[in-house]
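In order of appearance the chains are A, B, C and D, and numbering begins at 1 in each one.
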């Protein structure tokens, strides 16, 4: 099936570049380890043979659309990626009409690591509830109709711990953080011109790479994605010191689902839960 | 480097009795940027204020912290004080060491160290204050009134009398509203039409008033002093410049339609005025029911049988005023103030099965009875029951129909029903001495000038029988109505055979009240009654500056209350329109265009529609705050992830600095 | 003759060191290997390719206080930071040791960076030669070797009955004082790191490629995180900030990277290196052009950490060979 | 937080209801523990979750946010938003080891001086039991 995808993507890319529909096709090519895919930017029809699609195509390419400055661009989009696309359209960061979406029904991608050959699906793919892209101009593969129910056992395990244990756990995790901001740079939901963590005035977080500042950074990063995170889990994949960021994101994903019955990125005109309200809702606050 | 002065108030012993003020002063002297600190017995006294002014001059202070009572008490006082000494009034910060400290803490040590913290917070905050300047904006000296009932009429006349232009928009062909439908008014029993119509005529004739009848507000933009309103003018098919209101057309029109004004009792024609004293006293053509308009509609498709063409009105009109070319049009007008007086409608009693669900013709609403009593009504003032036109002898009144009843989601009291029922009992007796009235009530609410006396008169003089209790069922039995109820005082069931049953139907907000409120972005309650800015202290204002509310649109009210509220709203509007420019509070949000990403989350959360779009030189569409509309709540600041928005007076920097004086390594 | 230290002797020696010095050694945390201070020998990982983060942070900590000032009744009192504790780093790979030496260039120039100098003086390096280079390694192409002893105080090479010991410096000598070393005739096998990268003449090639569209095309893929800089043993850029709490001000410096947005932003908001291409180019021009022009050696030691850690596979080895080509055909591409 | 012993509590009070409620506690001389330090904000909806996290990062033992009762917001809707923000934030903080109990949101009207002092007294007591936390 994947080789089939690869062929279809190449053909579509060639067509789009040749008839001038787009200036650039953002897809995947095989990286220098000869195993794992990496993002590829194709400008010339002659280069389309570089394009591939296989179960190492982890990257959320939607993030790159933010750099295309309105240039007509085609992009290869998986189910989770398509939710990011919806998010950015809803937040007026992209214009649908200059994006050509090559949607692929995603078989799930395997654990990623340079020169590592793996057949183990990533956690987010095991838990995935959106294999079929929600938004596409051409769809490759057969839409998945049956999606599993939400599963938050990982979150539940954390919650089973005592407050002190949790504090200790996160303390240890964020001590490793080197504030490289790869999580932010990879996240399609992070596009602030001036991220709060780097603002000098007000100085929300000091530049100290130290537990306190790191905890603040990781907490707010997660909170700024509350009701917006589309669970592509790129942040966790790119973290060089393996901080389990998905736990924070998924905790909030669960709360947003429970409290507001909301799933981010499911449509391009959805209103995020923190910029709307219901008068009579009970949220266990001040009651 | 700013030079901060700190002034600690003893407030007699109120603060000084608990807080060690000298210690606080000493601590303040060593705080960053503080160049002067002193204490006063009473800072708010003239002496105290003078000492501040002197210190400002003497020590060249450019920012001031006053530690005394709550800023809710004296912030404005002290802003004036520092302003008088040449410091921008917004470079002042207060530390609340009375209400939040000395009055609630008895331990002097704790209270003192808390006072020191509060002063330190204020110092760190004031250091980050910026000079702010109120802005002046122009305004349109013109008022819009939505709804031409007695409330709107009163408001219009008052504003016009004050010399300002008024546009009065009424959706019906005539102004007058519910009051025009009434026969007499309680407790004075003067004729409703006789006292209302002169006012209606005044409206028509006043040079400052433009009356837009048969019109509706479709959209409202802008803000206080500068509203822009789209008004739909429905096609009347009659050229009012030519029409003299002679009446030949509506006398000649062959079409008969049940009269809305008479609540289905009696008929009107297709070209019509709703009632004899209508203002304007010129007809409109009811397009839905006009025979020729039907023909024109048929002509477009030519499906079905060809209807008659009629056009009799055009034939009889001596001035050729009928103008079939008229179409609905939308006009846009500018206003400085808007008054909403959309009034009420009566409760539809057909939901009450036990009262016959509106099936029995002789079970009528109180407003229908008004029409039957009115000399200008369908029966020319003779009370004849609808079924057979007979004179009713036995009449049963039922109170609280659609009032004080959770079953029909109308828990509130409609306030006027007790009184108008008393009026009905009295009037029926006058119409026909042989009438016997029975009134089923829960309890009689006669709070108001001469009300109690009036209610008594109904019972004592007219012999109306008041029965405390509910009616369980009404059914028809050989041409009469049998009313089954209970007399809870006697504790026994009663059965009354009646010729006529009158239901005291309660008041409801008019059907388009919510819609209008939404267009104006003002709030309304669960029953679509409009909500006041403050129920006690701002009864005719709304949360939106420049928009006022009055009359029964706000809640059940009788005529004198409505008139009073109409005048009250008018005064508020006049007070606004009498200014040459409006001053805006500078404590508003402001956007940093370098940081805005144009996601417009701010626009989603702003309760006041203060967020507008602006295009930068490099073509990005970003947010900007209309400072005339912004109320400074700061919701947008929190919604703004990129940190592009900040709230003057409560900036992120200021709140952070306050926190960091309290905690932090 | 080879001096050999038995495994158990090694462990007791390290135990000794821990007593009066801070011992930093590779340690397994989840599926990472990181240099951390260790309290006992069994925390130490002996069998590893290389650590995920370079040991540079024991000379150039991710966050370090430069000095503190206290404001007391009109007087300002300044206290510079002092490094007093002796540190021993065990298990540093030759490439990383070279990385430290390379940073001496900028840090020990004139004037020297006091803190770097202090760290250098107080720290002893026990190198551990690579017996099996990892796939990402290319130290040989960068002027080093798996058993390069030139930048450590002691070099250990694993042999069947323990570790072959090579004492290079006096510091190393002192550290080994009183340690029993067996004589043995085992020859430590000198492994080769044959993954070769065409580094010869790279300086010229990069210079030629400066205006080539190659860089902005490459930058299409880059997400401009700081991973490469922070895992790199030779990236030495930092940011400085004053922390004010009440009357105490602390001046600190932390890691910073040329890939981050604010790095070259100047007062007034202008950023001369705003576009992705020039920002990414800076990293490689610094390593392969500016640094050698300024200090001699290439600013890369071939540890391959950035190759492994980059989330989008920006691979310096690939770039070097690309540049050798594009450099040759410069002028064809254009910006 | 200076000489005071006991928990360090920071309170963000909306100007129109809760700050006035605290004033009312004062005018009615209803005493409560002195640990709390009050920061005045126009609306509970102005309180950025970031600043709550900042309080805890810098070592506050507890944070109180108080605003108008839902439906009574001076700005009509402000507290509906803060209710959503803080419902989520409490969960997140708790998940990261900052006990739910340390971050409270209460609705206090301008007339509820007594209630304000009760809330602060109870809060302070609970925090004493829980013990103080260190700045991470």
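The definition used in the following text is that a contact is a pair of C-beta atoms (placed from the backbone, for glycine too) under 8 Å apart; a residue touches a chain by one contact, two chains touch by 3 or more.
None of the values given here were measured: they were computed from a predicted structure.
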{"item": "A-C or B-C, whichever has more C-beta pairs in contact", "value": "A-C"}
{"item": "Cα-centroid distance, chain A relative to chain C, in whole angstrom", "value": "31"}
{"item": "Interchain centroid distance [CA atoms averaged], chain B/chain C, Å", "value": "72"}
{"item": "Distance from chain D to chain B - Cα centre to Cα centre, in angstrom", "value": "35"}
{"item": "Length of the line joining the C-alpha centres of chain A and chain B, rounded to whole Å", "value": "48"}
{"item": "For chain D, residues contacting two or more additional chains", "value": "49, 54, 58, 77, 81, 85, 135"}
{"item": "Sites on chain A at which at least two other chains make contact", "value": "194, 196, 204, 212, 274-275"}
{"item": "Contacts with two or more other chains, residues of chain C listed in rising order", "value": "none"}
{"item": "Set of all touching chain pairs, with the criterion as stated earlier", "value": "A-B, A-C, A-D, B-C, B-D"}
{"item": "For the chain D and chain A complex, residues of the former touching the latter", "value": "49-50, 53-54, 57-58, 67, 69-71, 77, 80-81, 83-99, 105-107, 135-136"}
{"item": "Residues of chain D touching chain B in the complex", "value": "1-4, 8, 10, 15, 19-20, 22-23, 25-27, 29-32, 34, 37-43, 45-49, 51, 54-55, 58-60, 74-78, 81, 85, 117, 135"}
{"item": "In the complex, chain A residues that touch chain B", "value": "91-93, 191-194, 196, 199, 201-204, 212, 224, 271-272, 274-276"}
{"item": "Chain A residues within the chain C interface of the complex", "value": "31-33, 36, 38-41, 43, 59, 63-64, 67, 113-115, 176, 178-182, 184-186, 194, 198, 206-210, 234, 237-238, 240-242"}
{"item": "Touching residues on chain A, where the partner in the complex is chain D", "value": "155, 158-159, 163-171, 196, 204, 211-213, 215-216, 219-220, 222-223, 226-227, 247-248, 251-252, 255-256, 259-260, 273-275, 277-279, 281, 283-286"}
